[in-house]
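Below: a set of structures, written as structure tokens.
First subunit A sits with subunit B, and in the next complex the same chain sits with subunit C.
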Partner chain A sequence: MKTTTIKKKDIAGFLDNILTEYKVFAPVTRDERVVFEEIGAGSEAILDYQNTPMPPKGILFPQTERLFSYRSTKEIPDIVVPSFEEKQQLIFGIRPCDARSFTILDTVFDGDVKDPYYVNRRANTVMISIGCTKPQATCFCTSVGGGPFSEEGSDLLMIDCGDEYVVKVASDKGTRLLEKRGFEDAGKDKLAFVEEVIKKAEASMGPEVETDGLKEKLDKSFNDPIWMQVTDKCLGCGLCTYFCPTCHCFDIVDETVGSAGERIRIWDSCMFPLFALQASGLNPRPTVKERFRQRIMHKFSYMMDDYGKIGCVGCGRCVTECPVNLDIRQVLDKISRSEDIK
Partner chain B sequence: MNEVTKKIREVALKLLQKKKVDLVIGFEKGTLPLRATPCFVRREEEADRLVWNSFCENNLAKYIIRRPERVAIMAKGCDVRAAVELIKENQISREQLVIIGIPCQGMVDRRLVKAELQEREILEVVEKDNELILKGGDFKETLDRNTFLYHSCKTCTHRNPVIYDVLVGDVVEESNVDPYEDVKQFEDQLPEERWEYFSKEFTRCIRCYACRNACPLCYCQECFVDSSSPPWIGKTTNESDTAIFHLMRAFHLAGRCVECGACERACPVGVDIRKLHRKLARDVKERFGYESGVSLEQVTPLATFKPDDPEEFILNP
Partner chain C sequence: MKNPYVPFPMRIENIVMETEDRDIKTFSLSFVHAEDEENFQYIPGQFAELSVFRTGEAPFGMASSPSQNGCLEFTISKVGVVTTALHNMEEGEIVGVRGPLGNGYPMETLRDKNIVLIGGGFGFSTLRALTNFMIDESNRAHFGDITVVYGARKPGQLLYKEDLENWGRRPDLHLYLTVDTGDEEWKGRVGLVPTIIKEVAPSSEAAYALVCGPPIMIQFTLPVVEKLGFPPDRTLLSLEMRMKCGVGMCGRCNIGSKYVCKDGPVFSCAQLSELTSNEY
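Entry: the complex of A and B
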């Protein structure tokens, strides 16, 4: 595997160089919060942060996206589809869990059916992730197939080694990005040091969430009263789904004024009452219990059926942000350990 | 274990043993530092899960709405105010509700504490008198809890439950703070400045509805934003639609909002939701002499009509 190094003090210059060709998104502080935003100068990017409260999902899958606009002055309306952005873009400083989340979104938007809006943007996007030397207590990436230094989804993975980052090249896109800049190989000693850093971080992860046999257990749990117990306190808001880097359900709405309008795709949430409401007036998921169960089942069972992978990257955002501290790890644990579900 | 926690467990156990209630809603230790989490106790042996600390931030009255069973709730001053409004609005009967009232010293704003420690991760919190002892991997910090209370707690004038069946803990001194000082200052600004302020606040909103769902007085069986036919409001994060959501919610809560701050505690992006609600609460108090949630007897302003109402808002807008 190809590796190289880059001094921390050179990062701003490195990004400035990239900015000549790419649109760059990086973590910045806005209103006392760290968010991913487009930057104008390499020095704006902050390197020392845990993770952004809001995932960078919206860069490739925006909360509100115009699919096309229309004007119906004649029988067949005029439809204008927005042209796809040609410019290459780069997401810098993303965490490995979030980089990995895009591989899950890929299975949905870039599978048998291609979503041109997502696919185009995705093809034009390069991701440089920063491994987590200090995983947080709410992180559980290692329980769901990832890790604090997982390269899945990243094109380059940077590992903090004090004054410099050791950079691992994780894809062809990554190779091409580095080739243009010409960096020297990291060398054996540094790689040995990196192995130590990685081991130490992995050892500092909190207790694992048991996912072995979880799917089988979930499949048997559908009608179990356990769902009543675990959802007692759920408020039924959509916060967890909007903060989730892998939640991808959407709705499509028309916003029409007079004879013209726009067809817009928006994030939707299985936690909302309207989500499963049918035209007949029937709602097969009438209460929070059914909606919350759907959210868990989708991630840990249905995604396994459809794509052979868990639809959660263990970033812990739903754990941190839930207004009532309804902790998904605890829910999964209760279901895994339940002796009543047979 | 603190005295209040001990007492609450005793009371809860007794209520369940004597079959006075089927369910006790309280708080238990959360899974994260700086958090307690709502807890539903139905069996006697589970009464020991209940706790009382500086992180019991949710308004538990949310969970009593249209409950069929007999229920007891651990209630701070603001939970009781919400319960009073809910009783008056026939969302639960007084008879099926047991209020375990707890005089409240204010709840700690977890985000303020986290901001104080910046990127250092808090792993454990111990409370000692008025101190919060925060421990991380390589640090220990002590903060004064009273400096880190929620704004809604700093401006609270009803820390003691206005009604209760059992009171646990000592009555606390009510603050004589002017709860609307910032609202008055805000009123003095130019309309354009005020609009700019709200517009900026609403831009952050992601329409997750955590504010609405955490609010104990937001209980419409179908919220206007969830209606698809007719669609009263657009569903995107378009500025005007987001503004309509917040403005309509504020109007709908006029004379009903108990200023508990549950909306802001739930909001993950820090929208200043309360300013609008408190402006309306202040107007209702001044113009109709009504303060929500403080009396079971006083008729709510929206449920009454006086022929001699000056109706100046129509005649002199």
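Entry: the complex of A and C
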């Protein structure tokens, strides 16, 4: 099956049916903000939103996570690794940029060494994304290899066509989900109509960030004073990294109460001064300039070297959430256009 | 699926206070479970994450040679939270270990070559491991001349005194010890490591130079080594960086696109010069 359709009024029922088998995460409104949360009924999911301030990254890579627990009363501590949730889960209504962000996290957590916590959850998760008919002014997915209707990372992609969604099937997982529920192929006519919707949305997007030759330019810029200029107003608060769907850096700490201990993994940020500080006092990235440069270089140069892809999906959250309006698009643009960097 | 975060237990068999300032100790650890020992096949230059349960984890290079059976040794300077907790532990207590991690010294490449080891301070630990590996009866024939230049601030800060005595007696190893400041009993060399290298002037022919020590020593040693004719691809550094996961995921120990934990900690100067970043 390539394509099918589902009426908007049938979505809640569709989700209720899925809920009998899956744990379902969907966008819901909490305190006037839209967030991804586990839902108990299909009617809780909202469909008309642009994107959540927080990406759904935490569903597969939680902000804090217990790696194992132990008791130190015995001579040799008993280590207990949490058992993996066997119930299938489904993320409904994820935006294509965020679905795509998991393909970047895959390269990190599912490479030569596997992170079993992420990998198990990932294998157990189905993603149904909703294409962006109304991209935001801060979106730049098309500049970094994605698009408002990119299917990368999604199992199903829903496209808003008035009172119904056209659903593109992007994986076997997606096919199985639909076939089991009696959906039928919608044929080619629908696809032609969808092409128009997609074109219109892409045309409405802001100017592209130039990424051709950007990596080479960034590599040459490493010691250039331009980094002083572009990071001048950065507070080093790290918000950009916490809102980023592809940032994967973490810390590992032990937390204890009495004889019980837990080893916890928590999100960390390359923007923090302690991040790379060594016990000797040496800090290879001592100021905001080096730390900001690390963040940009990691996504747009080092990820290219290591995995052959840009580590940014262009969701624009670091633009909208930055307290001093430091716009990554402008930073990249400045470096791209600089004639001093040769 | 193997869980890379879960440590296995090892018992502290022996603790040696290495230095007169009482800040550096060498811990000898024995495996509690036989299968952990079987799985722990390492080469000199690799490291492991040591856990002090209820405190945390930190990475340390193995100071023991894989040619010694049974125990793993770690030389630990008391500088932070985990190292202080380790220093407060006693023989018989249990620590957690994850590893071996990192690439280690390129043993195949070093085979049949002349080896010049240059170490300073407690950065010497994995070079000690390599030296003991190379002079092991079963390995000595696979290496050419071995020259060891090792410096510390003061005579009382030199590590592995027993090894140094043994090495000094060996006809098949050239040992040069130096201190920044001597004392009344010190009969050896006085001077910084780069100066001593200049004096000793080991031949670079068919030789590799392996350097490990504090950044300031590395900075002044590399030009001397280069002048002696060691090309960048035959000058190897073992680097330190703050680490957490040890397997290239947590994102903090990178130099450009290379992770010190996974791609290192041993790099040739040629490899490092190709990197965009000089943040080390």
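Keep in mind that, in the parts below, the second predicted complex is superposed on the first by the 341 of 342 C-alpha atoms of A that agree within 3 Å, B and C clash if a C-alpha of one lies under 4 Å from a C-alpha of the other, contacts with A are read in each partner's own complex, and residues count from 1 in each chain.
Quick note on the criterion: contacts are C-beta pairs under 8 Å (C-beta built on N, C-alpha and C of every residue); 3 or more make two chains touch, one makes a residue touch a chain.
A quick note: this is a predicted structure, and the numbers were derived from the prediction, not measured.
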item: Room on subunit A for both subunit B and subunit C (clash or fit); value: fit
item: Vertex subunit A, arms to subunit B and subunit C (CA centres, degrees, nearest 10); value: 90
item: Touched partner set for A:239, first subunit B, second subunit C, both or neither; value: first
item: Which superposed partner A:324 touches (first subunit B, second subunit C, both, neither); value: first
item: Contacts of A:163 with subunit B and subunit C, given as first, second, both or neither; value: neither
item: First (subunit B), second (subunit C), both or neither touched by A:53; value: first
item: Which superposed partner A:277 touches (first subunit B, second subunit C, both, neither); value: both
item: Subunit B versus subunit C as contact partner of A:119, first or second or both or neither; value: second
item: Subunit B versus subunit C as contact partner of A:184, first or second or both or neither; value: neither
item: First (subunit B), second (subunit C), both or neither touched by A:253; value: both
item: Smallest separation in angstrom, by C-alpha atoms, between subunit B and subunit C in the superposition; value: 5
item: Touching both subunit B and subunit C, residues of subunit A; value: 251, 253, 277
item: Footprint of subunit C on subunit A - complex, ascending; value: 67-68, 70, 72, 75-77, 79, 81, 108-109, 111, 113-116, 119-120, 218-219, 222-223, 248-254, 256, 261, 263, 265, 268, 270, 275-280, 282, 284-285, 290, 294, 297-298, 301-303, 305-306
item: Partner subunit A, residues of subunit C touching it in the complex; value: 1-7, 9, 32, 51, 53-58, 79-80, 83, 94, 96, 214-215, 240-242, 244-245, 247-257, 262, 276-280
item: Residues on subunit A engaged by subunit B in the complex (per definition of touch); value: 31-33, 48-50, 53-54, 63-64, 134, 136-138, 229, 232-233, 235-239, 241-243, 251, 253, 255, 264, 266, 269, 272-274, 277, 319-321, 323-327, 329-330
item: Subunit A contact footprint on subunit B (complex, rising order); value: 30-32, 35-40, 58, 62-63, 115, 119, 121, 123, 137, 204, 206-210, 212-214, 222, 226, 228, 231, 234-238, 265-266, 268-270
